[in-house]
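Two complexes come next, and they have one chain in common, chain A, joined by chain B in the first and chain C in the second.
Moving on, here comes the complex of A and B:
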């Protein structure tokens, strides 16, 4: 049942690829650039965030007024605020399409666990940075969200009260609360770039940026939406007042919506379980040797005497698992006699895919458990097997 | 429909978008002149989206001609 559902999801994902390829050109297909689109939105977030930061005053008295001044008093301030607001939504949409696409097409298994895990951590940090952004506006919704956050933190059995005090900067909302929230907004956002390095480090040619057509389209869409649906604040937060309901921005504030249905402790536990499951996904696959097929044949090894230092394997390895180092002695084969470089396999990065073996015209790479003699043996066994009966 | 005819259709559509884009430039100028920042920004957004559509249409039209 699950397997059938999974196959359908995979088939639907691939059909979406084919459909868009027919509609547009393959190199314009946005599904191939979901990571790059997320980067584009992140760049807009950073640039507009810096501009907003120049006007923002992180104090209980000044925060709301500074946001209002930016929106109404600064030329195009409302547009910058809108760009920041809607780029955050675009960022989350791009991330989720990226996540589901890679999930449904099995691009998280084995050596791709590094990308998956770093992606999950990126998602958590992005969600947290976005969520704290809603607290900074300091309108009635912000006040309610802060009190719900404190309630949730206090429901944590061990150290919950301490966390709530650290979050607020004291036993209740005070002058140090908003600077802390601002730090909790900016610090995870800055961390995203370090996490992106982790996300990309094992990829040879990651598509980190979408085609110009999509850059223009997305920027245009952001400007258009920012103008047609300007980002606004609710009523100013009044200390002591306790609004009961708020407008849910579903991409970031769903944990608070969850708290309307569940007790804070259970809502936090559920979020924890979702995150833990997300991190566990790459390790949840259990395959029999038959299902593994020709995978798992051992990491590629360099046959040093044959390596000519041509770098073909270096350029073809999609996992950045082959480095070229200076060669201090010539190879044994004629082609390798004058080499200047030698290929070296970085074992932790090798996924045993065999691409380098196909790339090498000099038989200088091999998978230890699939040598030429093994392949010949498999061919021989195949040739000797009885032919399937005609139906 | 032949490839050539569909190429012509794409070019025609691109021409319509280019003319609409000129309208957007007018709206941007009006927005700036009349201090209607939201109008100007919406027009800029539309212009960028239409420009990207024009690039795709040109590409489709070119390829259709090339395949004839």
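Moving on, here comes the complex of A and C:
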């Protein structure tokens, strides 16, 4: 049942790809650049974030006024603020399309677990950076969110009070609170780049940037939305008179919306369970070798005596699973006699796709359970079988 | 049942070897026990883990062994599970075609098709089109004498 559902989801996702390919040339299919689109929005966030940072004053008295000054007093400030606000939404949309597309098309497990796990950590850091952004505006909503955060932290049985004190910089909201929130906004955002390295480390040619036409379209859309629907603050925060409700920005503030229905401790526990499940997803399917079939032919093996050190496999492996190392002795075949390098398979990175086998003209690589000679036998049998007479 | 054969023709249908990526068209029930494709007794399918696994030497071998045509079916371009497999295969086939041309072998005998796991009908139609194209190529296959 579950397997059938996954096959349907996979089929539907691939159908969407092919449908868009019919509308646009495949080089411009945005579904092939979801990660690149997220990077584009992240870049907009960083650039506009730096500009906003130049005007932002992280103090209880000055924060709201500084954001208002940026919005109303600085030329095009409202556009910059809008770009930061809407790029954050675009970032989350791109991330989620990226996540579901890779999940539904089975690109998340086995040797790809590292990308999935790093992706989940990226998602948590992105969500956290986005969430703290809503606190920095220091309007009524920010104040309510801070008090809800403190309430949630205090509900943690062990160390909750300590966490809440660390978050506020004291027993209650004080002058050091907003600098801390600012740090909690910027530090996770900067960490994203370190995490992106982890996300890409196993990929030979990651597509980190969308085609120019999509860059222009997204930037245009961001400028348009920022101008038509300017990002604004609510009323200034007045400690002691926090409102009881707020407008939920669903991409980032859903954990607070949860607290409407669940006690803070349970809401936190639920978020923890969601994150833990996200980290478990790549390991949730265990298949027998028979079920894996052609997807489990064994990791590529180098036939050392035939390797000429030509590097073709090294360049073609999409997973950076082949390294070239200095060869200390010649190979046995004539072509390998003068080799300087030798291919080595980094086993944890090998997904058993066999692309290196296709790259190697010297029969120096094999998938253990589908050998070159077996394929040749099948080819000869197919090519030489007596042709059926046409009826 | 599907058939690639022209009821009016008296010549045998051309032998074709096809490499089918396991992630592309769903092959369940598509391959007979003898390795031929359902409805295409002249087409032998070899299942491979990725279209990029296919060596150009194998395509050459199929032609030298007597096949009239050989094709590789991968996922739709851009959809390769391994990101690059079908692009890499496309480049390799381009190079092989140039080589075949120099050897006076019609490069059209080598085909690259791309169908997703959902698009079995498209694949069957694609194979039929390829078989028909190969049947129209003269002279007859080299049959190992090349």
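One rule holds for everything that comes next: the second predicted complex is superposed on the first by the 360 of 391 C-alpha atoms of A that agree within 3 Å, B and C clash if a C-alpha of one lies under 4 Å from a C-alpha of the other, contacts with A are read in each partner's own complex, and residues count from 1 in each chain.
Rule of thumb we're sticking to: a contact is a pair of C-beta atoms (placed from the backbone, for glycine too) under 8 Å apart; a residue touches a chain by one contact, two chains touch by 3 or more.
Since we're looking at a predicted model, the values are computed, not measured.
Once the two complexes are overlaid on the shared chain, A:190 sits clear of chain B and of chain C alike. Touch criterion met: A:228 reaches chain B, while chain C stays clear of it.
Of the two partner chains placed around the shared chain by superposition, chain C is the only one that A:379 touches, whereas chain B remains out of contact. In the overlay built on the shared chain, the residue A:273 is in contact with neither chain B nor chain C. Look at A:79: by the touch rule set out above, it reaches chain B but stays clear of chain C. When the two structures are aligned on the shared chain, A:361 is found in touch with chain C, with no touch to chain B. More residues of chain A are touched by C (comparison of chain B with chain C).
By the touch criterion defined above, A:205 reaches chain C but does not reach chain B.
Look at A:325: by the touch rule set out above, it reaches neither chain B nor chain C. Note for the complex: chain A touches chain B at residues 24-25, 28, 75-76, 78-79, 212-214, 216-217, 219-228, 230.
Note for the complex: chain C touches chain A at residues 5-7, 9-15, 17, 22, 34-36, 41-42, 44, 46-50, 52-58, 61-63, 65-67, 75-79, 81-85, 88-89, 92, 116-119. Contact residues on chain A toward chain C in their complex (touch as defined above): 7, 10-12, 14-15, 17-18, 21, 26, 29, 32, 105-107, 203-205, 293-295, 297, 316, 318-319, 351-355, 357-361, 367, 370, 372, 375-376, 378-385, 387-391.
Here chain B touches chain A in the complex through residues 37-42, 44-53, 55-56, 59-60, 63, going by the rule given at the top.
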